[in-house]
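Written out below as structure tokens is the structure these notes cover.
To keep things simple, chains are lettered A, B, C and D as they appear, and every chain counts its residues starting from 1.
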Amino acid sequence: MRYLTAGESHGKQLTTIIEGVPSNMPLVQDDINQSLRRRQKGHGRGKRMQIEKDMAEITSGVRHGYTLGSPISLIIHNDDFKHWVDIMGEDPIEERADKKLRRTVSRPRPGHADLNGALKYGHRDMRNVLERSSARETAARVAAGAVAKTLLKQLGIEVSGYVKEIAGIVAHDQSTLTMEQRQHVSEESPVRTLDKGVEQEMMDAIDQAKKDGDSIGGVAEVYVEGVPAGLGSYVQYDRKLDSRIAGSVVSINAFKGVEFGLGFEAAQKNGSEVHDEIAWNEQAGYHRKSNRLGGFEGGMTTGMPIVVKGVMKPIPTLYKPLQSVDIETKEPFNASIERSDSCAVPAASVVMEHVVAFEVAKAITEQFPSDHFPKLKQAINDYREEIRCF
Amino acid sequence: MRYLTAGESHGKQLTTIIEGVPSNMPLVQDDINQSLRRRQKGHGRGKRMQIEKDMAEITSGVRHGYTLGSPISLIIHNDDFKHWVDIMGEDPIEERADKKLRRTVSRPRPGHADLNGALKYGHRDMRNVLERSSARETAARVAAGAVAKTLLKQLGIEVSGYVKEIAGIVAHDQSTLTMEQRQHVSEESPVRTLDKGVEQEMMDAIDQAKKDGDSIGGVAEVYVEGVPAGLGSYVQYDRKLDSRIAGSVVSINAFKGVEFGLGFEAAQKNGSEVHDEIAWNEQAGYHRKSNRLGGFEGGMTTGMPIVVKGVMKPIPTLYKPLQSVDIETKEPFNASIERSDSCAVPAASVVMEHVVAFEVAKAITEQFPSDHFPKLKQAINDYREEIRCF
Amino acid sequence: MRYLTAGESHGKQLTTIIEGVPSNMPLVQDDINQSLRRRQKGHGRGKRMQIEKDMAEITSGVRHGYTLGSPISLIIHNDDFKHWVDIMGEDPIEERADKKLRRTVSRPRPGHADLNGALKYGHRDMRNVLERSSARETAARVAAGAVAKTLLKQLGIEVSGYVKEIAGIVAHDQSTLTMEQRQHVSEESPVRTLDKGVEQEMMDAIDQAKKDGDSIGGVAEVYVEGVPAGLGSYVQYDRKLDSRIAGSVVSINAFKGVEFGLGFEAAQKNGSEVHDEIAWNEQAGYHRKSNRLGGFEGGMTTGMPIVVKGVMKPIPTLYKPLQSVDIETKEPFNASIERSDSCAVPAASVVMEHVVAFEVAKAITEQFPSDHFPKLKQAINDYREEIRCF
Amino acid sequence: MRYLTAGESHGKQLTTIIEGVPSNMPLVQDDINQSLRRRQKGHGRGKRMQIEKDMAEITSGVRHGYTLGSPISLIIHNDDFKHWVDIMGEDPIEERADKKLRRTVSRPRPGHADLNGALKYGHRDMRNVLERSSARETAARVAAGAVAKTLLKQLGIEVSGYVKEIAGIVAHDQSTLTMEQRQHVSEESPVRTLDKGVEQEMMDAIDQAKKDGDSIGGVAEVYVEGVPAGLGSYVQYDRKLDSRIAGSVVSINAFKGVEFGLGFEAAQKNGSEVHDEIAWNEQAGYHRKSNRLGGFEGGMTTGMPIVVKGVMKPIPTLYKPLQSVDIETKEPFNASIERSDSCAVPAASVVMEHVVAFEVAKAITEQFPSDHFPKLKQAINDYREEIRCF
């Protein structure tokens, strides 16, 4: 499985092509739309999230509710494009067209791709950068991930993304929660946290940030249950599954770090405190009594849940401005505001859920026969039984 | 640039093939051997590190001290192989050969690839797993990274890897140190730390762990200076340079997390405290007054140093044993010891330095013309001037 | 540069995403539509070609007539889809829905992907195969190639595809024709041949085949002028440009072979008759007096035009039926007809022109700096001058 | 499966790393050496072939006669390197070292990579090009292919490469020969042809060419039996197996074309004469009565043998010289001779056999579960039965 996305934030549409999905797998538009809707919720989102009601249209690869094995293309239309035709249209315009009409951007925002992208691609109008570097693109990645999640679900693998921390307020560990609870509780929470005890505090922090004209970040966690041991490989550095997931998480807009299991805490512990002892009984086969390593040893899954955290910085669009420089006049200015979410961590936890799901599904389709979905399902189940009896 | 490594821990040799290195770049064996030597140092390394004196032999791709543009193959011979011929030889042996002679491993060590690898690849002798999953392989990756570092150095890009934390003892920030100081101070320190104030404490912790029969982990940091702004790209998720570096760092044996700049600390800060304001003057062009984002915005370099941290768990080979299960008898046992480093973080910081260097060099050769090294050098310098005057 | 296509023959639309196109390159919809129109012409095309008027819509990556550097997505709508909603719609339908309503295909056509695809993907309705394996997909590849051609044209590289042979009628060599003549003459010819002397004969053969209820194949040639020497590389087998072009040509539906320059004729010649002697003068630099090798030595361009031929088998949809077996009843039957072109070689020569163009453009963007188009242009010109003076 | 090769013609050694070979597959050094020996035979080879006795050393990935699942590295030592240390050594030499000592090449040979490689990589000494572009590298590719062949053989898939034509002398079709006969007869023939009737004529042509100081080319054919239907895919252009094989064949040094089944002959035939009718019976399942398409429809195998031909031009190293230009003096000269095979087609047929084998094995390991060889074997057999009963 591989995918490419295309589309600008205020362009006509976002497009995703996903290649390598097995044939004869049930898939309907609503599998994807549900994911898109979940991405748009969350306390503290700006007005745009209310306006956009993202809907994916499947334009290929699915027939009568089943995948064909051929590439799946998904489109998320931008209903607002009609107001942006002049600014973002693909047709040539008169050279002299008013700078205002084009909404030319000559003022790079710190924390965004604006300046670096302009230098790299030679854009003097940084709208040419920000339209693509915008987090709007994550909708297309969620769409791809929704297909992956649908595949995983039917193989008995569930994925849940939620918020562990916002602005220093940490959700207490809920390691005893079942997958169903994780999915349900996070979905019901306006900040997607599993810890009711801190929920209100997190919401207050978001409101306060908004009032202060500031923004706040946080930590999202993704939890994957049902993955058999031995997914990924140690034989070459680029085949380690935790490595691929790490790359994938850091590729989400505004993410600055990733960790598995104990993660950075492992730096403070003794070896006797960070590993997961191995047990065996006839019914369960090999299993672990703990999951400090977050489901990975040697770049492969251990059969315990994958537990991965990602940190999102406060989004750089601020009421409280940062200093920058106009690239035309070279005059300093206070960085402008394009939009107004004060905290995007809840939504980001949904995005992260989907990019992690994609990597897991990809590893599965590489390792198991993946032309025909019913056979893939059988192969995974056979493997589960086989390693139970190893 | 791409590379593959091959080789088992007690096999004949490690092999690396590196493809895509420009032609006519000065490169000598000692550029690589220096890096290999640096990987073998460090307080707390086990005896094997003293025995092995890793030396790379260049077997192709270099002639008379210059690269040819053709693939570079590097070999690190294992002088000890003569004692392992029976155990690790490639020739078939009699089926009945003594289990002891083969040193068959039926007891998986928690925290290692042993069990998961056995399940995946169907190995009942887990020596077939551990020989490849061993951290010995990082020597081959250091060799590849040494070629990358040589390339970067000649483009005015320096890389330094050192230790930020061992067993909870944190080196105080030395953000004012020059690159030269970072390289020199870390090299002189037995624990590769920049903070003389905690060096002894770190060494004591290592000694104590050894005495206790335990192991300790820590955090390594890599610092890359001289990278121009605009390396990497925001246009597709798999072209973001920080994402690739993240994947690369987590692919190092025993690494459980990675972060850029403030990293996970960003979850506790306001937006006004995590971004890097943009300034400009005629001489320096665009620049930043701070480097909280660790040199990345939008998956691209900002022109500030790349600052990336990775966390290494305590290595799972322990005097103090963990419980596991023999896969033949299904009897529980206390996990055995293959070797005896109590702390590998200093060495790991050298490994991390090299894998980060490879990703940066790779991004450069993708973005700039990279057939002929003198032209690459010219192109980088032209670009530096160009963005200064943008 | 890389691209993926998606879409079924009678589905909503074809979609292409092209990644890695430099920024600030002039590109308008008509650059692509011209190519699509050229693919639809040709004596002997069936009725469907007259009905469909393929038009590409650019839905991302281009703004105000210039590329952004971000992925370009192109859509070719299928106006006829409204008649196919029931048959090809993505929504689930009632299990009992009439087989006729679905237009279920249980009869594989020899020469098509039908049977092999059904076996592989487990499709009992072979419509699930043929909708994607249809040559309709080549429209999406032409769209991608049109972007490549636009890039090449602006770098002084022109590409022309035309017909060398139809049903054994061979166009006489027109090696003295200029590129402009090749483009013009082929465009004016109903069978896209450069040889007016055989044009009528070719048309007659097509008409006769149609009358006989048979189909005929032929040979297309693509000619690329203006490519500098040294594109591609000999250092690794997967970097040879002729190899990539060969793979690309054979990937076109119904193509069964490919050859460069003398091609298979070289098997009958002496070494003294197949190579291209090297000459030099101050004005032209190094050049060749002949072009028997079709512009390639050692997997790299020689600076002479690329000359590559591909052979297309007669399309397997026939009036004169072939025997096959119904996969449900296992009864033999005479293979049915989905459409009715008796010769698609003229159109295929346009497709081949575009897939070759893509590989050449890809090799250029790999070898030269390709973030910013004006810089790429400068770099190519500098290189041309440099090798002239080498 | 993927592989990289490294090594210069007169360097220390050739190196191959092969990644992705399943674990627990029997593999011994002699599997590879047999292939290497076969590559060195053939009437008309120069003296060097007699001197070199290529032997592969397995340096990783195999233990006690079985693959480990980890990368396999293979080395072919160059015993003659001791005479080339000064000329090809990796250590820097004195700048003033005699041009003769270095055996500097300033005279590009037409038909070789020399000039284009020099222009591309900026080499004024074209030894830096020719050492890597030499056909010597094909030994490393044969080594990789030998591993693939060993895998295929154990899955019931056999591969045979032989000569169809030399210098216009065409072997008559032997389509009734069994695989065993193909392998045996070609092996016994000094020119690797299946047609005893033309064998002597081919040998005479080679002798005559040698006497004339000329060289001759020819056509090799590779025949693969036992491949199940449905290997490869039509869903995306880069997944078609015939396309990949085509790319692979053209990447062999001196190959200028490739065709499947009828190949270019299909341009002269009617549709009713080029396709393979589909039949079915209970015992054999679906099968074909002919194999005009060379085992491919829609980029996938049909279950019939793969039949692919490649054309090799006469090797450009000639007694009868071609005109060229010295790049230092710009004086014309008659192109010099590095070695003296007058016909390399028999050897090339062995190389082609191996590169085709690699692509087939790669497609199999992508499509079927390929971690553990016994399971791969089972999966292929299950699939064979499944499609028989489809």
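Here, contacts are C-beta pairs under 8 Å (C-beta built on N, C-alpha and C of every residue); 3 or more make two chains touch, one makes a residue touch a chain.
Only a predicted model underlies this, so the values are computations on that prediction, with no experimental measurement involved.
Asker: More C-beta contacts across A-C or across B-C?
Answerer: A-C
Asker: Which chain's centre, taken as the mean of its Cα atoms, is farthest from the centre of subunit D?
Answerer: Greatest centre separation from subunit D goes to chain A.
Asker: In whole angstrom, how far does the Cα centroid of subunit B sit from the Cα centroid of subunit C?
Answerer: Chain centres of subunit B and subunit C, defined by C-alpha means, are spaced 44 Å apart.
Asker: When the C-alpha atoms of subunit A and subunit B are each averaged to a single point, how far apart are the two points in Å?
Answerer: The answer is 27 Å.
Asker: Quick check: how many Å separate the C-alpha centres of subunit A and subunit C?
Answerer: Subunit A and subunit C have C-alpha centres separated by 37 Å.
Asker: Scan subunit A for residues touching two or more other chains and write them down.
Answerer: 4-5, 19, 69-71, 120-121, 132, 230, 233, 235-236, 371
Asker: Would you mind writing out the residues of subunit C in touch with subunit B in their complex?
Answerer: These residues of subunit C touch subunit B: 19, 69-71, 230, 233, 235-236, 367-369, 371, 379.
Asker: Quick check on the complex: what are the subunit D residues that touch subunit C?
Answerer: 4-5, 108, 110-121, 129, 132-133, 141, 165-168, 209, 212, 214-219, 229-231, 233-238, 240, 242-251, 253, 256-264, 266-272, 274-280, 286, 288, 293-294, 297-303, 311-316, 318, 320, 322-325, 327, 330, 332, 355, 387, 390
Asker: Inside the complex, what are the residues of subunit B that reach subunit D?
Answerer: 2, 4-8, 11-15, 17, 19, 23-24, 26, 28-29, 58-65, 68-73, 75, 88-93, 102, 120-123, 127-128, 131-132, 371-372, 374-375
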